[in-house]
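Two complexes follow with subunit A in common, the first pairing it with subunit B and the second with subunit C.
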Partner chain A sequence: MQQNEKLQRIFRDVFDDPTIELEPTMTADDIAEWDSLSHVRLMLEVSKAFGVRFSASEVSSLNNVGDLQALISSKGGA
Partner chain B sequence: MQTNIFETLDWLPDAPEDFRQRCRVLAADADASGRDVYALASARLDNNKLRVLGGVITGLIATGVTLTPLSPFKLGLIGTGTTDLLLPPMVASAARHGIALQVVAGHYESALQDALDSGSGINVSRPDAVLIALDHRSLPISTVPGEPERAEQIVEDCAQLYAAICGAVRQHGGAFCILQTLASPPEAVFGSLDRSVPGTLDWIIHRVNERIVELAQRDGNALFDVARLAAVVGTGNWFSPQEWNVAKLAFSYDCVPLYADRLGSLLGALRGKSRKCLILDLDNTMWGGVIGDDGMAGINMRQGDATGEAHLALQQAALELHKRGILLAVSSKNTDDVAREPFRTHPEMLVREKHIVAFQANWRDKASNIAAIAEELNIGLDALVFMDDNPVERDQIRQALPQVLVPELSSDPSDYARRMLATGAFEAVAFLQEDKGRSEAYKANAQRLALKSDAINMEDYLASLEMEIHFDRFDETGRSRIAQLINKSNQYNLTTRRYTESEVAQLEVDPRAFTLQVRLKDKFGDNGMISVIICRAEGDDTWRIDTWLMSCRVLGRQVEHMVLQEILHHARAAGVRRLVGEWRPSGRNDMVRDHYGKLGFAPDGAGPEGSTLWTLAADHEAPRPRMTVIRTGVPV
Partner chain C sequence: MLPGGMPTGGADGSAAPAFQSLKFHHFAVATDDPRLSSEYLVALGYQRGANAFDPLQNVNLEMWHHGAMPDVELVWPSGTGGPLSTMLRKKGVGIYHVCYEVDDLAGTLDALHAKNLNVLEVVEARPAVLFGGRPVAFYLVEGFGLIELLGPA
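Up next, the complex of A and B:
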């Protein structure tokens, strides 16, 4: 499965919204449920699904979906 | 080889494809029933699904939907770190165990204030119980390796902190506490020596746990053994340094579904939802092979054979449950004689006929047989667990009798015992003398039924039982069993009012309350405590019967007539002229709808929520059933 498709499925699941279409420029402002607490849930689910680990600073340094996609790729997440 | 079924809750059937759709429908349904909620909660749900369902349930409760037959429970939560992520999974998982849960969370890292401040959110909400979900990081622990005196002092300080929290919660919130034991983190400083050097973290945690266990046995508190839960998944999985650093999660997010499920089964047990009877299929469940085809020599429960030992392990687990009073029954598509033969003569069979209270081997569909077992034993379908290796049979029972718990099994019998026990279906909050004898009591009952059909008339039959009825006021000795009956009895229960053990203790000294605990013996044995009465004085001359319940084991024995005579005796002695009885429909107590009418009470109008009121003059005379009465130990 393409990274993007997999990531989109996780977003839909975590934020319980089947209409989410991921864009690299998307930020927390674009998804109503995306607050600091659900961000933690998101990162835990992403970490499990892609088999990668994020450091504390990585979790808090992301600005948008594009950053997250790049971070997953840089860790060889599949 | 998959060995860890726990984090993924593998004993539960998969969630339906349209789970989210069903949740949305449920959320919008003002007439939503607890059964619909239970059906969705009973599936294997991950964190995301638990969150969705938990949100739906919380929303329904907030709009005033009662969700019967789920029992309401309001839980305060005092915990370590971020507890917000726990709440929706706790609510959804509690529904799996028959509980409509509301959680009131405390503030971040302010356990003591939440408990001690009478105006704290938790105390003001008047919860039923408060969960003390602290771990070692919230306690006044500093390690002092090799300093026994200071180490003891630290243990003492922790114990006092817990005692202070419990005392304050009781005083300000009117609630009991559910105390979690502490998991010990995997980072060893000395290695194995940590356990023996006073003052290491591991040493302190084990000592504090002993004190927590003691405290949990007092004052109606309860224990949630999180230390063991962490050991089950492994403390290396339980404690996640990343998740603590990033989000202050006291334990790994992956363990939340299991934690929430275990808590749910404990809350269920506190509300009397634990199941009472295990029904086992035979072929390829109790033993390997098919008795009808393979014969006595062909079925496999051989020591030294991997498959045989797997089936023996399930038999052994069933016997362990039997020892603690869980009833065992059989449902099998077989000819009766053929199915019974291994129980009678197979040398390696561990479970024998004497362990089985109901044996249904025939060619009818299993749903009818299981319903027949419930009827024969006089227990509800929601008291049953059914084990069957055949996925078709499992599915049929789940469809036809959704109240029956049917653990999901794999094709490998090795973990049947583990999966059966992992359901938490038999979770207990107390273990009493009566529990041990329960299976005997049910079997003796079967003998009594046999005797009854031979007896010439009812009166002679009852006389032949040589019944001896014991009446005592509530006391410390009976307290646990009284509380257990108050919280477990559903069918023969006039008002279904639930009281905690500490509330029962208060009734012992309440001058405005008259209480009775009733035991019954007969020539077949001791039935133990079988009835509980609470009357409350109203004005100078009236007693209102707040609680009247009876074990269905002694139905048709005229116990209720004898109990009424006892109440009248004490009422007259206290100058009371009138008794007021009340029937409150609970959905499960229809059998006592006309209880008071049959006892000679006159209907006296209706109360709220479909309840009916009844009155009886205290000078009422009725024929006395034939049994010996022992009042506070003295024959009268």
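Up next, the complex of A and C:
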């Protein structure tokens, strides 16, 4: 499964919205349920699915989906 | 394993070596009405302890002690923003985190990962305003919730 496909599945599960179509420019403003609480749940799921670990500063410094995709790739997430 | 595939724990109740220094310290309750929450604690016989404002989390903290029951930390937001306010809005008053004392924050985190537990660092280690500057860090543990690890002085 491609990174974006896997990530999109995680977003759809966490935010319980099967219509989400990820774009690199997408931010929390684009998903109604994406708040500080759901963000840590999202990152926990991403960590598990891609087999990578994140620091708290990485978790809090992401500006959009593109940043998250780049972070996963930089850690060799698969 | 139980029939449902649930782990039963060690036969003698002992922890893995890396967790033997780990001790329960307190549990925290997130509240939007500290007066009401403290009325309950007073009714149970709790005594009010130290309190502090944590500027990094923008929350108020207050410890409560009891001779026969676990310490409780009341946590309430100072403003309207932040994760605590979001949690209160979505879930209401309730247990926010469980805190454990450990000898080594990083070592304990490594031990949790070594057990194949899915753990996310939420707040990096920093001095705790309520515990004399001892290092604390927060982690989200899949299947359990938010935990606080409190290191040595």
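General remarks:
Following the convention adopted for this analysis, the second predicted complex is superposed on the first by the 78 of 78 C-alpha atoms of A that agree within 3 Å, B and C clash if a C-alpha of one lies under 4 Å from a C-alpha of the other, contacts with A are read in each partner's own complex, and residues count from 1 in each chain.
As a convention for this text, a contact is a pair of C-beta atoms (placed from the backbone, for glycine too) under 8 Å apart; a residue touches a chain by one contact, two chains touch by 3 or more.
Note that the structure is a prediction, hence the values are computed from the model and not measured.
Contact with both subunit B and subunit C is seen for A:Met43 once the two complexes are overlaid on the shared chain. Of the two partner chains placed by superposition, subunit B and subunit C are both touched by A:Arg53.
In the superposition on chain A, A:Asp35 contacts subunit C only, with no contact to subunit B. Contacts of A:Asp16 after superposition: subunit B is touched, whereas subunit C is not reached. Residues 37, 40-41, 43-44, 48, 53-56, 59 of subunit A touch subunit B in one complex and subunit C in the other. Looking at the complex, you find that subunit A touches subunit C at residues 35-37, 40-41, 43-44, 47-48, 53-57, 59. Across the complex, subunit B is touched by residues 13-14, 16, 18, 37, 40-41, 43-45, 48, 53-56, 59-60 of subunit A.
Against subunit A, in their complex, subunit C makes its touches with residues 82-83, 86-87, 90, 113, 118, 120-124, 137-138, 140, 142. Within the complex formed with subunit A, the residues of subunit B that make contact are 20, 47-48, 51-52, 82, 84-85, 242-243, 245-247, 249, 253-254.
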